[in-house]
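Alright, structures below, take your time with them.
You will see two complexes here that share chain A, one where it goes with chain B and one where it goes with chain C.
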Partner chain A sequence: MTPLDHLLLLSALTAVFTLAAGNIRSAGWIATLLYAAQGLALVKMWGMGYGPEVADSSISFQLLGQTMHWRFDSLSWFFALITVGAGFFSSWFASGGWADHYRAQGNSLRLFHSALALNVFSMLVLLASGDLLSLFIGWELVSWASFLIMGLASTRAMGYAMRYLTYAIAGAMAILMGIVMVHAQTGSFEFAALAAAVPGMSNGTLWLLLLLFGGGFGVKMALVPVHLWQAKAYAETPGPGAAFLGAISSRMGLFALILVIIQLVGIGRLVGMSIPYTFLDARDLLAWVAVFTMIFPTYIALRQHDARRLLAWHGVGQTGYMLLGVVIMDDLGSAGGLMHVFNYATYQAMLFMSVSAIMYRTGTADLNQLGGLVTRMPLTFIAMLVGIIGLAGLPPMNGFVSKWLIYRSLVAEGMPLLFVGAVIGTLGTILSVYKLIHNSFLGQLRLEHAKVEEAPWSMTLPMLSLAAIVFLTGYFPGVVLDWISALQASVGLPVLAHHLGGVHFAQGGLDMIWINSLLIAGIAIGALIFYSTGRSQRVHQLDNYAGGHFLSADVRYQYSDNFYPGLLHLIGPWYRKSFRWAESALVSLTDALSLAMQGLYRQVQPSIYLLITVVIALSWVNIR
Partner chain B sequence: MNNLILLVVLPLITAFLLPVIDRFSTLAARWSGPLVLLITTFIGASAWLQLGTGAVSLELGGFRPPLGIVLYVDQLALLFAIAVSFGTLLLWPYGNRGGLRQQTLTLLLAGSGSGLALSGDLFNIYVFYELVAVVSYGLAVSLRTPAAFAAAIRYLIISGFGAALSLAGIALIYDATGTLNLAQLAQLAPEKLNDLQGLSAFVLLLIGIGVKAELFPVNTWVPEIYATAPKRVSALLAGLVSKLAVVVILRLLVLIFPQPEAHTLLLVLGILGVLTGELAAWRARDLPRVLAYSSIGQLGIVFIAFSVPGEAGVFAGLAMALHHLLIKPALFLLAERWDGSLAGLTGAAKASPLGAALFVLFSLSLLGIPPLPGFWAKLLVLTSLAQMGAALYYTGAVVIMLGMVLEANYLFRIIARMYQKAPSTGTPPGHGRLDLAISSMLGAGLIAAVFLLAPLADRLQGIAAQTVDVNQYIEAVNPVPTRNPI
Partner chain C sequence: MKDIKKIEIIQRPPPPEPARRTNPLARVFDELVRFCQSRSMFMLHYCTGCGAIELPPAMTSRFDMERLGIQPMVTPRQADILLVTGYVSVKTLKRIILTYEQMPSPKYVIGICSCTVNGGMYWQSYATAKVLKDYIPVDVYIAGCMPRPEAVISGLRALMEDIRTGRGDAWKKYYQNYDFYLGNQQRLFGEKWQTPTDVIAEAHHYGMMTDQTLGEHTDLLEQNEVPLDALRTRLKARTE
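Entry: the complex of A and B
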């Protein structure tokens, strides 16, 4: 039994346990402990976070002369760490009060916990894949596990999950086609065989492979233009499940893309594959897809008034940053993109949890129905505050570091247009996360929420732990950058030289220890002045004036509907819903074709039809 | 080995004696059918063990071909003969459903089906094929509803037309070669049938036998028959009978018509079958029709696989065919109580949790989701298509994948409906105990196959290798060289 066997076995055990005993009251807690044990198994493979270690699994299958095997390297380890971490915190969040509430609504807790465990297990299997065939098996397992957790809550959720399934199967088919083509070229499913065959492939073949694999992996990442499925499906998933999916699930696409396109095909080939009649090459194509993925979904998020959808649309957008960073493929950019995977997982999980906590107490996630909750749920507020600072990419949180690395790399590599695109995306993020926290926690408390209490500890503790991680990895980004440089070395990217506080350059690097200490000192001095003067005075939240008039308590002075009217007036006409139009056109086309085919099978004059068939067939023979 | 003729004769004789036995003892009549099928299954299984990887031909009555009737027994033929016996045993009208008539017809189907699988000459193939056709008309109308009769009439017309075409094809072959013995034809084909007449004969035979094999465009009877017949019968037709016709087409393709044109035609028809079947299933309104259309699609994939010349294509096609042989009957049995509009299935999982779980399992395998056997079969098809490299073969691969996307959508739309909360107005019915038991058994077989994948694949590859070995066929039958054909 190798350490990897232990990990996979523990993960399978978690799935079996939740399936067998998911309904007992303490099941969530035991599952959480099992995730922690998986974390320990990962810690046993700690070496992969710091060097070129590889752990093989002793499981392998021989079939038709092909061997399928599983192994972990630094790339797998980094993603596995996030996966197990996300599973741990989501399961913890789903253990106490939330579980009782969920069950009281008539849902099956066993189904939820086992779906979560299956997700973690299938992702670990995918991350461990050692050849193209095991990659595809893992890929399908992940797709179906996600489908399960997305669809289990309600009929509406199932509708969105079905939409996901259709996209996912189409993507999987593209990948399978790619794998089959590689097999036709090399006679093998091994990664090494593909890597060895790449130099001999023509650009045309490689383009086809790139589009098939990139398209397939892109569906999971919800890249534009196949992004439509994700936000609604994630938003309708039960709270902790959405936290888990949002944190890591679609990152599996990025993992596979790094594995196949960056590690096996390599940057040298990508840059050499130019698109005719343009100045672009394959890498630029990926980069521009990433930038559009950043911009469109983020501005769609701006218009959402369901907090879960707002967050989920951001999830789509943030994938763009990760991909953009990775495809720049220099030491800074790829480190930024990869670090963003970790950072984003930490705060997105936390943000979904905080929204779930609000829903748990108030029963709604509608941003037009909330407000002023900061006085009632201060801990949840802190979690959300930390989360949105991270999401917006501002110091002192870890999101700042990864975005800084990406921007810096874009500038250094001379890609100003992409840089502008990234900035536009970030602007949208800042605007919409402000809308999120303003409409839920700031402003005036609604009358019906006057008696709302803070969420129970089983929910606030995981959120606050995540907040601590977000803050600490922002303070000491070197911890995460250590893992990332091991990863970069293992997939053949240039390795980022870094220290505990960040990176050092001759013309000004980034030292988060210094920046954050300064920031905290500044805030401390401000607080000292504020509290020592004793001039501040507490007023009631309804003690308001507008235009010199006192506002009585029955007039609420919190606007949330039609947020950012000026901005939306300007950019409103840009929302064309073209992608949704294209999607529904495709569905209508299928419907029409389907009707036509049914007509064909229903025809009432079989004899004439058969006669025609034979005449056509025999004339075909004559033409030959 | 010589007793293999019992696989054909015993069910046929019993079928004709059944009314007589019924006179003396109803109980004996009721159980003689299953008993006979059990015996034939055992005979087949013991022959399978004896046969190993060899092939023998049995000359009935000691007359040598071309005069005598020849049964050709290799692994492929025997496998499907056993499948016929065992399949009809599983799908027997137990509990006296449908009375004596059903039992007689089912026994006739078993006998003629085995004959179809084992026959070594075209004339016997034609005879048994007709017998199977006649029996299936009778089975299809066993519910005696107007819709069933209407569907059966159309089936009759199409099938009769097909029979006429195949007879014409056989006549063309006989005209060119002067023999109908497959082994002799295999010897003569390269010089005598490699022309316009040969190709015309193939087209006529393909369309004729394609009727039962659900080949596009002569499969328009499929949805109505499967929807109106008892699901036990649909299971027999979709699972067994279609596969027997597929085996016949495979034999013709390998032994007599290895021309590239024949393969191209099969490929094109297979592609059209997948496209039309899967697209039509997308909007089908009840479960039996969904299964029927999906069956057309699946058989289309089988034909696409067979269009790849050589062992790889046969291997892939056989894997798909056997997989479908296992899955479709089980699905039809589950549909027995689940017919009627799809909307009526809302909440069905509550009433029959095991049935719904099995439905999910079979659907996943039908889609080809790893690690279930359906995935490996599809992978074989796709790799063999990609190996060919030609554009039309790639089109085939793309169409198969397109079909999978559609199939995933319509099957899981149904499953999603099953797992919804049941409506207040009456829940959909649960399953009959027998249907559930048989489909559980098939499901268990499917899961067992996942664990036995490597040995199964090796064995099947051996069968495929034997099937494409034309010389072995010729030598096993060892016909007298024909000096003066006509």
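Entry: the complex of A and C
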């Protein structure tokens, strides 16, 4: 038994346990412990985080003369760490008060926990895939496991999950076709065989492969223009499930993309594949897809009133940063993109958890019906504050480091337009996360929320632990950059030279230890002045200035309805629902085609059917 | 122009001799603090009267009161000066008192236009509060109907000089003679009159309780006071 076997077995055990005993009261806690054990199994493979180590699984079998096997390298280890971590924190969050509440609503806890465990298991299987065939099997497992957890909550959620499934199957078919093409070219499913065959392939073949694989993986990542499924499906998933899916699920697409396109095809070929009649090449195409994925969903998020949808749309948007960073393919950019995977998982899980905590206490996530909760749920507020600072990419949180690396690399590599696109995306992020925290926690507390309490410890502790991770990996980004440089070496990307605080250049690097220490010192000086004078006086909430108006509790003097009306007046006409229109047009087209085929089968005379067959057969013979 | 008689506009008694203090450096710091205070003031303009029309030229580049360190401010919590321009109707006066009480001390009031001095052309109006200083202490009046921006600037300079020399202490009167001001307010607004600010507690806070602070009118206030019904801001989760 190799360490990888231990990990996969533990993960399978978690799934079996939750399936068998998910309904008992302490099932969540035991599952959390089992995730922790999976984490320990990962820690036993620590060497992969720091060097070019590879762990094989002892499980492998022959299928139609092809060997299927599973193995872990630095790339898999990094993604597996995030997966197991996300599973651990989500399960912890779902163990105490949340579970009772969920069960009281008439839901099955067993379904939820087993769906979560199956998700973790299938992702680990996917991450461990050692050849294209096992990659495809893992891919399908992940798709179906995600469907399982998405469709739990309600009939509406089931509708969104079905939509996801439609996209996922289309994507999987594209991948399958790509794999078949590779097999036709090389006669093998091995990664090494593909890598060896790539230099001999023509640009046309490679383009087809790129479109098939990129399209298939892109569906999972929800890249523009196939981004429509993700936000609603994730938002309707029960709270901790949304935290898990948002943190890591669609990152599997990025993993597969790095594995197949970056590692096996390589940057040299991508840059060589130019698009006719333009000055773009395959890498530029990917980069622009990434930038549009950054901009469109982020500005869709700006318009959302449901906090969960707002976050889920951000999940789509932030994928763009990761892909953009990775396809720049220099040491800085790819490190930034990969680090963003880790950073984003930490704060997205935390943000979804804080929104779930709000829903747990108030029963709504509608941003127009919340406000002023900071006085009632201060710990949840801290978690959300840390999360939005990270999401917006501001110091001192870890999101700043990854975005800085991506920006810096865009500037250094001479890609100013992509840089401007990324900045526009960040602007939308900052605006909408401010809307999120303002409408839920700041402003006037509603009378109906006067007696709301802080969420229980079983919910606040995982949030605060994640907040600590976000802050500490922002303080010492070198910890994560160590794993990433091992990953870069194993994938064949240029390796980023770094130290504990960040990166060093002759023209000015980034040292987060300095930046954060200065920031904390500044805040400390301010706090010292504030607290040492001791002259502050606490006033009543209604002793407030509203143009001289006398305030009373029954009149709301602070509205958070219809946020950013001025901005939306300016950019509102730009929202044309073009993608929604394209999707429904595609659906109608498929409908019409299937009707036509039905008509051909059922209505038309058999003689005409025969005639068509004969004509097609004759023309085929003629061509031959 | 030579034959125009020079008129001494501001004639004031010399500043009172400050009480002796044991620390010789204390006066140095007092002077410094007062100087800084007089040179950086935020102004809340409660501009419902017609005199407000003279403020834009006083604020903008023509006369530019910012060169004196005076800037407009949008809330009373950060403001030093309350500017009341023009006539004060009874309804407006309630708002002015609310706003004035929300300002942190030290705070200064400037009454612009004749209407704030004695009612001006609204002397016969049934709805106008005629003498502003009966209801809140006023530091400087700028008379005129309306005063030109030069006069506004000159009034602001007079206030600055008052603050620098330590004479601008009208705000202390409000705490020291609260009963008097409250009585006038109750006469106008009725005995149910109350504001959200607890002035007596503030008088304790600033150490300005005198025998004039409390009286029959504050007793009446305490009898009729309705506590604010909304939620107290606190950073602690608790069941009630």
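As a convention for this text, the second predicted complex is superposed on the first by the 591 of 624 C-alpha atoms of A that agree within 3 Å, B and C clash if a C-alpha of one lies under 4 Å from a C-alpha of the other, contacts with A are read in each partner's own complex, and residues count from 1 in each chain.
Methods note: contacts are C-beta pairs under 8 Å (C-beta built on N, C-alpha and C of every residue); 3 or more make two chains touch, one makes a residue touch a chain.
Fair warning: this is a prediction, and the values are worked out from it, not measured in the lab.
A.B. asks: Output check: A:F61 vs chain B and chain C. Expected answer is one of first, second, both, neither. What do you get?
C.D. replies: The first partner, chain B, only.
A.B. asks: On the A-aligned overlay, A:K451 touches which partner chain: chain B = first, chain C = second, or both, or neither?
C.D. replies: In the superposed model, A:K451 contacts chain C only, not chain B.
A.B. asks: Looking at the overlay, what does A:L385 touch: chain B (first), chain C (second), both, or neither?
C.D. replies: Touch partners of A:L385: none, neither chain B nor chain C.
A.B. asks: State whether A:M158 touches chain B only (first), chain C only (second), both chains, or neither.
C.D. replies: It touches chain B, and chain C stays clear.
A.B. asks: Check whether A:Q603 is in contact with chain B, with chain C, with both or with neither, and answer first, second, both or neither.
C.D. replies: Only chain B; A:Q603 stays clear of chain C.
A.B. asks: Which partner chains sit in contact with A:W620 here, chain B, chain C, both or neither? Use first/second/both/neither.
C.D. replies: A:W620 contacts chain B only, not chain C.
A.B. asks: With both complexes superposed on chain A, which partner does A:D543 reach: first (chain B), second (chain C), both or neither?
C.D. replies: second
A.B. asks: Between chain B and chain C, which one contacts more residues of chain A in the superposed model?
C.D. replies: Ranking chain B and chain C by residues of chain A touched puts B first.
A.B. asks: Looking at A:L500, would you say it contacts chain B, chain C, both, or neither? Reply first, second, both or neither.
C.D. replies: In the superposition, A:L500 contacts neither chain B nor chain C.
A.B. asks: How about chain B: which of its residues touch chain A in the complex?
C.D. replies: Contacts found on chain B: 154, 157-158, 161, 165, 196, 199-200, 203-204, 207, 217-223, 261, 265, 275-277, 279-284, 293, 364, 367, 369-371, 375-376, 379-380, 382-383, 385-387, 389, 397-398, 401-402, 404-406, 408-409, 412-413, 416, 419-421, 453-454, 457, 461.
A.B. asks: For the complex, which residues does chain C have touching chain A?
C.D. replies: Listed in rising order, the residues of chain C that touch chain A are 46, 75-77, 94-96, 98-99, 102, 196-197, 202, 205, 228-235, 237-240.
A.B. asks: Write out the stretch or stretches of chain A touching chain C in their complex.
C.D. replies: Against chain C, chain A makes touches at 374-378, 445, 447, 450-451, 453-454, 537-543, 545, 547-553.
A.B. asks: Within the complex, which stretch of chain A touches chain B?
C.D. replies: 61-64, 136-137, 140-141, 144, 151, 155, 158-159, 161-162, 165-166, 169-170, 173, 176-177, 180-181, 183-184, 590-591, 593-598, 600-603, 606-607, 609-610, 613-614, 617-618, 620-622, 624
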